[in-house]
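Okay, so chain A shows up in both of these, paired with chain B first and chain C after.
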Partner chain A sequence: MIRCEYHCPRALGEALGLKAAVPGARVIAGGTDLMVRLRSRELAPAALISLRRIPELAGVREEQGGARIGAATTFTDLLDDPVVARDYPVLARAAARVGSRQIRNAGTVGGNLANASPCADSALPLLALGARVRLERSGGSRELPLDDFFLGPGATALAEDEILTAVILPPPDIGARALFLKKGRVKMDLAVASVAVLLSMDGPVCRKVRVAAGSVGPVPLRLREVEALLEGAAPTPERTARAAEVAMRCVAPITDVRSTADYRRHIVGVYLRRALESLLGREAA
Partner chain B sequence: MKREISFRVNGAEATAVAGGGDRLIDVLREGLGLTGTKEGCGEGECGACTVIVDGRAVNACLYPAAEIDGREVTTVEGLTGPDSTLGPIQRAFVECGAVQCGFCTPGMIMSTKALLDGNPDPSDEEVRDALLGNLCRCTGYVQIVEAVRRAAVAGRDR
Partner chain C sequence: MKGDYVGQSLVRLDAEDKVCGRATYPGDFEMEGMAWMKILYAGRPHARVRGVDCAKAEALPGVLAVLTSRDVPCNEYGLQYPDQPVLCGPCDKEGADEVRFVTDQVAAVIAETEAIAEQALGLIEVDYEDLPAIFDPRQALEPDAIRLHPAYPGTPIHPELVFEFNVASRHRIRRGDVESAFEQADVIVESEYEIPGQEHAFLQPEAGLGYLDEQGRITVIAAGQWAHEDRAQIAHAMALEPEKVRVVYPAIGGAFGGREDESVQILLALAAQKVERPVKIVWSREESIVARYKRHKVYARARWAARKDGTLLAAENHVVADAGAYVYTTNKVMGNLLLTCNGPYRIPNVKTDVLGVYTNNLPKGAFRGFGAPQGNFIAESQMNKLAEKLGLDPVELRMRNLINPGEPMPWGSELPDDARGLKDSLEAVAERLGWSRDESGYRAPAKAARAGDPPHIVRGVGLAIGHKNVGFSFGYQENAWAGMELRGRGDEPEEGLVFAASSDVGQGTRTVIRQMAAEALGLPVEKLRVEPTDTAITGSSGSCSASRMTFMIGNAVRGAAEAVLARWREGQRPARAEHTYLAPKTTQIDGQTGAGDPNFSYGYVAAGVELELDTELGTYRFPRVICANDVGQAINPRLVEGQVEGAVIQALGWVSSEHFIERDGVAQTTTLSTYLVPTIADIPGEIETILIENPEPHGPWGARGMGEMPFIVVAAAVQHALRQAAGKWVDDFPFTIERVLRALKQER
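Our next item is the complex of A and B:
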């Protein structure tokens, strides 16, 4: 185990000050990803800055018709939150599928995103919902679409002196419904593949479609080609089948200990179609 | 790099010296001699190390020791009654044959405690969900779910 200072700041300003002042310091939220990597000596930060006691980073609140999720909000808090349950139920559904009760009690949304694993369960519904992330440093702050936050496996747009402070959700899209489907080898498992779909109809045609897929590329992916194929069109069974084919072509899965590239690709097609048909109130063929 | 922290374990005041990277499980087992809490995988998968911190079940192998400063920790040792008699959850596990080698048992019992504190009458599905992060290599889970159900009934009858 590494030896370093453990800081427990009580305010965001203090944490940002530490991040700027101590080169090589790393923030720690729930520690469910980080503690394993510290123990294996894969990482040896100069110091750890805990986000667990910073009130500004905890919990969900309504903001400008949408919601602001503090980066250090745990999955358990997300599951208990009435705003999430009412306006963004797909996020609660994904939170419920993260790890075990113990992992959800400690693991945070910000840690899940900052860790930038292609399988991050919260990333998929957040991409489908059009979430933005707020990155802050001492004396400055910026916001970007979540799509632009992920740069590669374990790599994000966060600069050395920045902390991810919040996830910003736009006002809920009235009439839109969304689904998250995750395939694991067993119920408690990282995703072999996962899909989130948001769909809003305008009479017989799709007004808005958002599709995201996990564990099938270097980062959690938005499948824009699939969205474009469906938007403005009637989602006939032929078209949803075509959408599944396009999705399977757009993704770039790898084979690893959890699964094969072929199987992951297959699951994306099946789950996309299943999600669409279910959102349309039809049986998947 | 290390500093003194103070907290409560099973209702009693405790202190330890902890730095970044130190884990709660080591403070409990090595520092305080509370060896009821087990370490299996050390990676959050098996749940043998489950303890309750401020009312929530967590993996002590992933919990930074320095973080418990000022917090309240409950381990399996804290569930026994006066004179070290077994508490109701512990008794239910014994009575239902939910213990074989016993290595997973402290973690199972702590997950059960956290579940029943928040939900005194869980469905079988809720029980299985609460214990998803607790692996048992011996019993096959049927007796464990049964034990949780019995503990729930015992808790409600009190």
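Our next item is the complex of A and C:
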């Protein structure tokens, strides 16, 4: 049994006030990651502040041509959302691969990012889509590119008094297509490795490429070297194969209970090539 | 033989309660004044317990009692042979002071709350003398190995329990002369297999409540597979008459063989007696995984020989199984492995040795298939390899060698006359997989890549067939009890009560009992009630294992119905009767040659597997699995299909994602996030169930046992399909990514 102080504020201001006032308090939304660590007694926070009853944190809405996703939006909400389906389908595809239906009903985008696991399924498409995160505290707020949010396993740029309140997506890139590929040991599993690729063509050459890889480093990784190799170049089969090699070199996986470093690296290479070939219409992923 | 109720897919009695969360499982029971119990495990694989000091634990406020070895009147138990202490520690029983695996139990704390009990565990001081340990059964056979158990005298009931040094059980078949047969062979296939263990992973972890009932009887509510055997083992350990003990089964969340041996029952009874209050225990998932026995891991060498035309000449199998720290049901599991590892084939020369060997690993015991999955894998892998080496179609090779009804099996007794199911199920599976047949025999479909497959996807098809006994064998007089009561005043009974001690472990036994009772009584099913499984009100219906329950209890129900109807017609009100069905006799098998008549009934089954392999990633999935099973007569076809689908999925888990790892006697896969059971998202695209109904002459309405059959043939069929897709025979499974990639690499 877990015993600790529990707050369930009804407004964001109240939540921010509590976060500043109660030292050692942790924010909880769906609890799908946090509860596991509480139950195993890995964490024993002084208090929990729930974000589940705060209306402004839930749901997706269009904002400045792009979209704002409230931090407490569940994966099920994302899957059902028409804006996501129309403008950011890769995000829906990743949301569909999170856990089971029950986990998707509870787990939230904000929680997935703030938990800062290298395998966070939503982080990869969001990195590829160029998302930013909004961090708020009592009396102030700031925005960061998602790339700068992750500092290490379980570590983020959030200050002690801050709460992650929203994910901001830029307007959809017309003509860009994106894919998310994930390998778990079984279907309902954390990623052994995963890849998200966004590709926009300008005639025969790649105009824009974004590549992110999960479970192969201390944080969800942007593979900028791979992006640079492809942007402005014709994505011949030789070049996509080369991109896969570079991707395998850029990642830094570890061996743990779920897989080996070698196999994770191997998956990244295979998935990157397949994602590119598929986005180019040359091969099924 | 179909009837008004037999052969009809009635909705399960417990369906609504389970879906709505109303069903009460052992962990759901609470009583006034209830205390909690927690168990102290040894945490070392092999040690002598020199002493246990409970003073600090007993002094903790809220602790009611601490049980140790000296609190157990007869400190031993075991379904087949009592070689395990209830609590390890000094007492008057020789060898009971030894811990032989890491979760051997040393003490139990009973306290006001679960938290206090857990806290008190940490205050118990145990003085251990660590001893050298053995974790590989092959090393336990070495002449310089240490001996893990005293020299037990054994028992004439189980002559295969030889207790020769670390060999707990030994089985043999000797028929003909294999050596000269190998000299005449055109083709020989030799293999070494490593067949893994498996965790039962039933949904409901072990739990229960012990208390003294209104008659002062020591009562245990728990989940098991044979209530009267639980009662007997509790009574034995407590040195009581069985009548002083009562065992009640509520809803049970799965078993698969994993509840055949005792878990919490004996300690709950001891605790309730000690504190004279109700005592409850609920194991965590981790406890359930680390503190219970598993399927046997098996190391096998096989050498089979055939003539050019496919005629089998000889089979030589040498099998060493890890029995773990205690016998449990190892001797009988090995008996079934012995009878299945040569397949259902006409082989004139057979030499088989099967050893069940003690180690300091977790004990190994009953698990769906009970030795047949391992035995069948050896036989069917050998057959698929022989077919390939001979250039013969695998279906054709089997058809040429199948034992015909009336012909002797390797142990001498004849395949029953009703055994058409072997051929029928193989034919059905082959046909669905696209096999054709002409004057030259059976022919596999041409291998065609599917349109739209990317280059990294390759496909394979595999198949296997098998048979396994129904019911307890090897000379045990199989029996099952049922009782009935008809109530009412007029000519027609208004209400009927059915009594049976059958464990409904989730397969729907109680539903099927009700259907069979309605059929036998000629009464509407709505008028019948199946009474709870409770040793206070029923005789023994035997174990819910060996695919036996429907077969055995159905016959008992028929007999009881006949008797109660006769009394009703005589005017008895309420009319009461009971009946004990005795199955046809079997015999022990000869210790040197294996000769005997060990079984009275068999189930027959075949499986076909379509596998899709990603050659780059080494991963695979199953678009389609076909299982044909001769069930004699499906009493409730929908429930039978559920058994087939469940068994197929459970077996696919065993060969693919489930990987039970023990390192130096310590389980490494202790949660369901490291021990990966297939979920609904991992199951085959399609499971096609074919029910074949060749009536079993002794079965009720022609029904035949079936609960284990679909499990046993899956592994060899998958290996066969993987061979085609990956280009290599992989002889050790689970077929992990690493093993598949290695096979692919070697192929290139």
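Basically, the second predicted complex is superposed on the first by the 281 of 285 C-alpha atoms of A that agree within 3 Å, B and C clash if a C-alpha of one lies under 4 Å from a C-alpha of the other, contacts with A are read in each partner's own complex, and residues count from 1 in each chain.
One rule holds for everything that comes next: a contact is a pair of C-beta atoms (placed from the backbone, for glycine too) under 8 Å apart; a residue touches a chain by one contact, two chains touch by 3 or more.
Fair warning: this is a prediction, and the values are worked out from it, not measured in the lab.
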Exercise for the section: Would you mind checking whether chain B and chain C clash or fit side by side on chain A after the superposition? Expected result: clash
Problem - Comparison of chain B and chain C by chain A residues contacted - result: B
Exercise for the section: For A:E42, decide between first (touching chain B), second (touching chain C), both and neither. Expected result: neither
Exercise for the section: Considering only the touch criterion stated at the top, classify A:Y6 as touching first (chain B), second (chain C), both, or neither. Expected result: first
Practice task
Once the structures are superposed on A, label A:E238 by its partner contacts, choosing first (chain B), second (chain C), both or neither.
Solution key: neither
Practice task
Please work out whether A:R185 is in contact with chain B alone, chain C alone, both, or neither, and reply first, second, both or neither.
Solution key: second
Exercise for the section: Scan A:E283 for contacts with chain B and chain C and give back first, second, both or neither. Expected result: second
Problem - Touched partner set for A:R52, first chain B, second chain C, both or neither - result: first
Handout entry: Among 224-232, 350-358 or 638-646 on chain C, the segment whose C-alpha atoms clash with chain B after superposition
Key = 638-646
Handout entry: chain A positions touched by chain B in one structure and by chain C in the second
Key = 1, 100, 187-188
Problem - In the complex with chain C, residue positions of chain A that touch it - result: 1, 100, 183, 185-189, 257, 260, 263, 266-267, 270, 283-284
Problem - Parts of chain B lying in touch with chain A, wherever the complex brings them together - result: 1, 18-23, 42-44, 47, 50, 56-59, 61-64, 66-67, 69, 111, 114-115, 129-130, 132-134
Problem - chain B contact footprint on chain A (complex, rising order) - result: 1-6, 8, 28, 30-32, 35-36, 38-39, 45, 47-48, 50, 52, 76, 99-103, 105-106, 187-188
Problem - Partner chain A, residues of chain C touching it in the complex - result: 115, 452, 454-455, 616-617, 619, 657, 674, 676, 678-679, 681-682, 737-738
